[in-house]
């Protein structure tokens, strides 16, 4: 059991840290030669941005696991994938209006950093140096682009990716905070990824809201039924969880998808997780960088296979089974698998309406080499999957009740389809 | 005062339980002959689903009171009322699209269980038996339909209805948890019934969020001003509340509507509560199973009368008066009664537009024997009452500020009416 | 340091209170001659409504500062400004429908009090007297209009304005409660002013949700890094904040805008704060009582100048710098200033579409002397700035991530513009 209590994963104490307590300097003077942002400060070589590569000095296993996440590539996956980048631009653009036409202008860098890349991560580079008056006299500091930022896939000035402080908030690095659901909610609460909202109305979320003040959020390992009596996000997706007897229920992982059989949000259709966290390499039959065809069929070559899906499902179910019976868990999963199917079907219907709008010339799409996200019906189509199908799947995955019904769930999928058809009718009539 | 401290309501200790501590077996072996889900387990007759009838062994008064709730009939009220069931189907259907037409398909059972019936309750029946490998060797277990579920009106395998664990979460059965508002929010937070959302921005909700850590949520009876200084849902609707001197402010009740003069959500118009919790028997003049006419007049025969409304109002006001002055309470109620009227008027306006759409052939409704919930304008009509009028009334009832203005409140009622009229105009033009 | 610990701001103890503990009577018998609502009660002259002028007996500095807030004039600013009042009426009106036309009816007083004026404040006046049976026999009490209410700009029966209990909740007057964000959320959570929602998903909000149970919310002065490790609303906008060494980071202020360079919500465009808290005197070039032209140019004469903006920005930045580096703060502010510009640009685009609709006769606006808020396209225009631009600016100001992207943020600005153009096209077609 002793090893299970460790919060660091190095094999030997790094010699540099053998005889010191970790304070400011230990992290902010780490790997100075790799850090483009290192500057001379009172005789020390200090860097501004502490990176996962710095943290890996003591936490190498976590850093390695984390690099297998989609989040690790959250910048590239958005920036270097033309389809996703098109969605970003269509959300952030500042349109102008002239002669009854709207004109799109590419968003500026500050807007990118303020919106999507706030969570995904910015590119932090040294752009120059500035001198400031300080209490110690004039001093020189690097000027950074994309700063401040703590996005999960941040491109760092030492060439590394990610930001541990996205979840392990500076400078307390409280395990209690990382384990509480509010940390995940920083990025996972909006209509595109309503994980926290759904959790908060689930039985699990209720347990946490009502009883967590008595729980021990600092124990490592984390004993279910003793340290806590209801799961948080971390319990099911990250933490080293043990039974009251100390038997391992789930190993700690920072590859957050290794208990996830389906990728249920972000893309047009739910699909098995991509094999590589770098999704820019994916191409579907139509040549689009998407993990499914526009009509929903998964592009199997780039995705985990059924066996791996099954393995991940079982790893998660071991966590469920720490509190629930087999019958309970089986019933829950059967329902969830069904919801994956039905929500994909509802997305397909919306897609067919959109394809029809493109064919009939009511909107301009792929064949016209136009953005597939800029017109009103296209935006309705996006909401069908990005908001409503997502919400419904989260509700199903976490038993979030009304999020599968009226709160951005099935009701809105159904309504949206009717409104898409009406839009198409009005537009075709107008063309006559 | 001694009796007031009891958390059980039996008159005598049931002989079976006289000399034991209640653990797993006491509840899970209760009434084995009634339980269709009883199975042989290591020499014991165990049942999977503990039901209100089992709980009634020690809590008979609560079970009896609970059976007078609409919630107790939440499955039948939805399933066996053609109008409500039509709304369910129109929300959960997976539509397909062909030749510019949408086709509806009845939702499958998993979808029902995953959505509306997650809160309302499923029908839990034994569908067979399966053998599983366990640490104790091969064992046999019943296979249950509609499982898992803890919906308020669940149909149980012993023939009973309801699920106490909807609010009294297994297996801690924490009175603290049941009294905190997060429990109610599991089912009462969506746009159709935004009780928790409204509460959370009310002065009462603020008191709870800011100060509850110092409150005693376990005291029975619950002394206002001593154990707590602001109400939760339970305070006003359920709990045995006493003054600091021990005088009863409100008796404990599990008939949650016995302090409610109006039924303000779920149906087209706010109306006096139905007399019977089984609403399937109600018929309005038009022959529809609705507690009001389509134009809002209450179907008095099936509803509580003004005297009973007054009685219920007074019971609730006694709770208000534990903290507030008569002038305060009177002013609050006058405003709420006015809001019931004005929101009903706004619903009537939306209904008139819909009736006009049906008459002019822009949409298909009752006269055409078509669903009244499947077209875009019908869905807008539904949102007028199910989302916006509801939110406004909750805001009025609980002083929830912006929920009566911009947050799904009056602003949206007003906007919705304009959009309904525009839709009708566009559609009529199209028909020309 | 001793003075910094004071929670009162009088220079000398008022003689009346020199030898008493403050209980009920001290406040409820204050200034009886000024109080229209004073009534004889068991031989005492008691008033119902305690007002800021009463509170000023011990807290004169706070009352004086508060009178410089827009909130102090929240009733007049809404009631006596024809444009704003038009928005109120268009949100609260109960429309009727006849012959394919909607007819607006002015909202009644109860509706005003239940909606916008619940937060803004009502006019509380004595309307008469009523006799009630009490435990002490028959007693006489004043009947008050607009009661109950605790809105920030309430017009009181002693002629004063405001309500301290809006934030300092009766009768605990807990500083802990006032400092927690739930207090602000009572009025600042809706889509028109989503401050709390944005805060709750920010890093700051996460710190508060996860760690506040260990913070000392009662310390005066409030030491950053010692009493708390993340800011609440009060920290940045109101409280006396000191460093761990006791150095003043920010002086206590009840003029909440004195750290705010921009007014980012409520009006069509973000603009420098008005000089006077009474905005009814403002007139733009077009003669409208608005702080900007309809096309966005600020009406400089009535607004604080760049120097004052800079001063306020610096006062706020001193708070930021208590935890963050200069580079961090500069980067954050650059992004925020950019967002003020881009959101104003998005509002201008929506305004141009609306102006086009008015010009082409698709809707009736200023030139036709019609309400600019009553038609569907006008309501979409309102949402562009009142909901979506606001959300985006709050997200930028507080690093609220998805509220600048998908959660009522830029996505909705972009979609709204497309839908406004479509509406205009459909309407013009219809007119042909």
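Going by the order they are written in, the chains are A, B and C; count residues from 1 in each one.
Throughout what follows, contacts are C-beta pairs under 8 Å (C-beta built on N, C-alpha and C of every residue); 3 or more make two chains touch, one makes a residue touch a chain.
Bear in mind that the values here come from a model prediction, so they are computed numbers and not experimental data.
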* Copies chain B and chain A - interface residue numbers shared by over half, same or different -> different
* If you fit chain B onto chain C using only Cα atoms, how far does it have to rotate, to the nearest 5°? -> 120
* Quick one: report the Å distance separating chain A from chain B, using the average Cα coordinate of each chain. => 34
* Would you please write down the residue numbers of chain B that are in contact with two or more other chains? => 213, 426, 429
* **chain A residues within the chain B interface of the complex** => 200-203, 205-207, 209-211, 213, 229, 324-328, 331-332, 334-336, 338-339, 342, 345-346, 349, 352-353, 356, 395-396, 399, 401-407, 409-411, 414-415, 417-419, 421-422, 424-426, 429
* **Partner chain B, residues of chain C touching it in the complex** => 48, 90-97, 100, 102, 107-108, 110-111, 113-116, 118-119, 132, 141-144, 147-148, 150, 169, 172, 174, 176-177, 180, 182-183, 185-187, 189-193, 213, 374-376, 379, 386-387, 423, 426-427, 429-430
